[in-house]
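Both of the next two complexes hold subunit A, though its partner changes from subunit B to subunit C.
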Partner chain A sequence: MTATEALYVYGVVPEATHPGLFADVEGIAGGRSVRLVEAKGVAAIVSPVPLGDFEEEALEQHLRDPAWLEEKVRAHDRVLAAAVGRVTVLPLRFGSIYRGEDHVRTMLAERDELADDLVRLDGLEELGVKALLDTSVLRGRLESARGADVAAGSGRAYMLRKGFERELDAEVRTFAATCADESHARLAAASVAARANPTQAPEVAGGDMILNGAYLVRFDAEEKLRSAVAELAARYGDDGVSYELTGPWPPYNFVEEGET
Partner chain B sequence: MTSASPALQQQVTLVELVDRVLNKGVSLTGDITLSVAGVDLVYVGLRLLLASASTLDRLDAE
Partner chain C sequence: MSTPARRMGAMPGRREPTQLADVLERVLDKGIVIAGDIQVNLLDIELLTIRIRLLIASADKAREMGIDWWQGDPFLARGQKRGELEDRLNRLERAAGINGDTPSDDGD
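And then the complex of A and B:
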């Protein structure tokens, strides 16, 4: 390590973790250089980064470059993904950089809660489940369930039609709320802990999102959550609801908020 | 379950990543801190997603 390098920290794992887990994964600055730095029963997953790219000013500039940022965000995830499901991983937020191994060790020694969190989250990983509602499918279903009681043509029919549309809108909203609640409850029952995050905007979600959930499961119990998702898809699929399961992730949604 | 295009799928994955890597996780005060530089990672993530979404729009238009 030279004066022109720093260490990027991806996450924290138990001290006994085999460094070979990261032998084949490329670090955030390229190269197979990911290693562990240990202290007080825990180990930080690190790799060297050039200060030229990761010092405050340079970093701030890079963060404005979508291509650079996307590549680095993917790299951060790729390194942690090498360990998820094999050892307990505490994921760090993007951009924790230290000026040397000694500094990383000091940080590890000062943060007792890291060891506590590793115990609390022992053998656990996160799965993400998002539910999207295709409202045109649901509206079509609700409409045909009502029967063709609104004939087209006259002005009166037009007014009836407007009222009918408003009722349908309300029914769609009620369905979305109920379906989201019931889906989350079903998934929570299949996991150790659950969190419903705010839904994402249609532009980024690719549709009308009704549930954006994160679920904590044991490494060997992924199947339980997968079958819960399949069950929900069978129950609500005809209403226009589709589910997307992602992960396994390190438990990003279940680590304590750190002091900054 | 979804019939999204590969480009949209990739966008969806990026959303998941940004939602976690930039917005969540243990936050430590490193030697080089983004907070000192006045950087809000949630905002940075939003900007990345918008940039990515507009790239998709361009691809769709082509």
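And then the complex of A and C:
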């Protein structure tokens, strides 16, 4: 490393981790330069970054460039993904940068909680499950279940129709809340720990998201969560609910306990 | 930047291509927070995190304010001063019904 470089830290793994896990993955500044820096039984996943891009002022500018940020955020995740499911990975939040290996070692040595977290999360990874509700499908079902008591025609029928629409809206909301709760409970039962995060906006999610969950599972128990997802899809599919499983992720949602 | 296939890294087929929002809400908003040697980015990352949270949770509100989800977000326009960023953030948060307190520069 030269004086024009710094070290970007992606996450922390057990000391015994084979550095070859990262041999094929591209670092945040490009190149196959991801390596491990060890201290006190743990190892930081790092790669060199040019200070020209990652020093205070440059970084501040870059953070406002969506294309730059997207590339770097994806790179951060890609590096950690290379190890997920093989070793226990503690993900760091984006942007931990050190001026040298000795500084990284000092950080590792000062933080006993890293080793504790590696024990607590040993053999665990995170899977994401998002549930989207196609309200037109659900409304169609609810409507036909109600039968033909609101046939179109007179002004009175119009008023009935308005009332009917309001009732349908309420039913859709009730269904969405119940389905989200029951889905989360079912998925939580198939995992070690669970967290329901705020749902994403329709423009982002591509539909009406009713559940944005994160589930902590053993490396070898992914199938248990997958079959819970399949079971839910079978139960609620006809109501317009679809499920998407993401990951495996490092346990991003489970490293800062007690934080909301 | 690598191709999507390359993004799968060392574990081909292990992972579906990930949507940006899912990556952002984890990499920027979750994970262990450790202040590195390069400190000035902390407030920026904090601002960024709040902004991303806002955009992901209420893109419709952001759109009403003339701010598009992710690309084309004038909030991210190069060269804006931090004060302007904070003002805009506060306006957005109020519009979205989120606590509009100023993320202060306390300690500076």
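The working rule: the second predicted complex is superposed on the first by the 256 of 260 C-alpha atoms of A that agree within 3 Å, B and C clash if a C-alpha of one lies under 4 Å from a C-alpha of the other, contacts with A are read in each partner's own complex, and residues count from 1 in each chain.
We adopt the following convention: a contact is a pair of C-beta atoms (placed from the backbone, for glycine too) under 8 Å apart; a residue touches a chain by one contact, two chains touch by 3 or more.
A quick note: this is a predicted structure, and the numbers were derived from the prediction, not measured.
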Combined model on subunit A: subunit C and subunit B, fit or clash: clash
Partner chain in contact with A:Pro202 - subunit B first, subunit C second, else both or neither: second
Partner chain(s) touched by A:Ala81 [first = subunit B, second = subunit C, both, neither]: second
Partner chain(s) touched by A:Tyr215 [first = subunit B, second = subunit C, both, neither]: neither
First, second, both or neither for A:Leu132, with subunit B first and subunit C second: first
Partner, of subunit C and subunit B, that touches more residues belonging to subunit A: C
Touching partner for A:Tyr236 - first (subunit B), second (subunit C), both, neither: neither
First (subunit B), second (subunit C), both or neither touched by A:Gly95: both
Contacts of A:Phe175 with subunit B and subunit C, given as first, second, both or neither: neither
Among 21-29, 57-65 or 93-101 on subunit C, the segment whose C-alpha atoms clash with subunit B after superposition: 21-29
Shared contact residues on subunit A - subunit B and subunit C: 6, 9, 11-12, 54-57, 59-60, 63-64, 66, 69-70, 73-74, 76-77, 90-99, 103, 107, 111, 114, 117, 128, 197, 200, 203-205, 246, 249, 252-253, 255-256
Complex interface listing, subunit B residues touching subunit A: 1-2, 4, 8, 11-39, 41, 44, 47-49, 51-53, 55
Residues on subunit C engaged by subunit A in the complex (per definition of touch): 1-2, 6-11, 14-16, 18-42, 44-45, 48, 53, 55-60, 63, 69-73, 75-80
Subunit A to subunit B touching residues, read off their complex: 6, 9, 11-12, 54-57, 59-60, 63-64, 66, 69-70, 73-74, 76-77, 90-99, 103, 107, 111, 114, 117, 128, 132, 197, 200, 203-206, 233, 242-244, 246, 249, 252-253, 255-260
Subunit A - residues contacting subunit C, complex: 6, 9, 11-12, 21-26, 54-57, 59-61, 63-67, 69-71, 73-74, 76-79, 81-82, 84-85, 90-99, 103, 107, 111, 114, 117, 128, 130, 197-205, 245-249, 252-253, 255-256
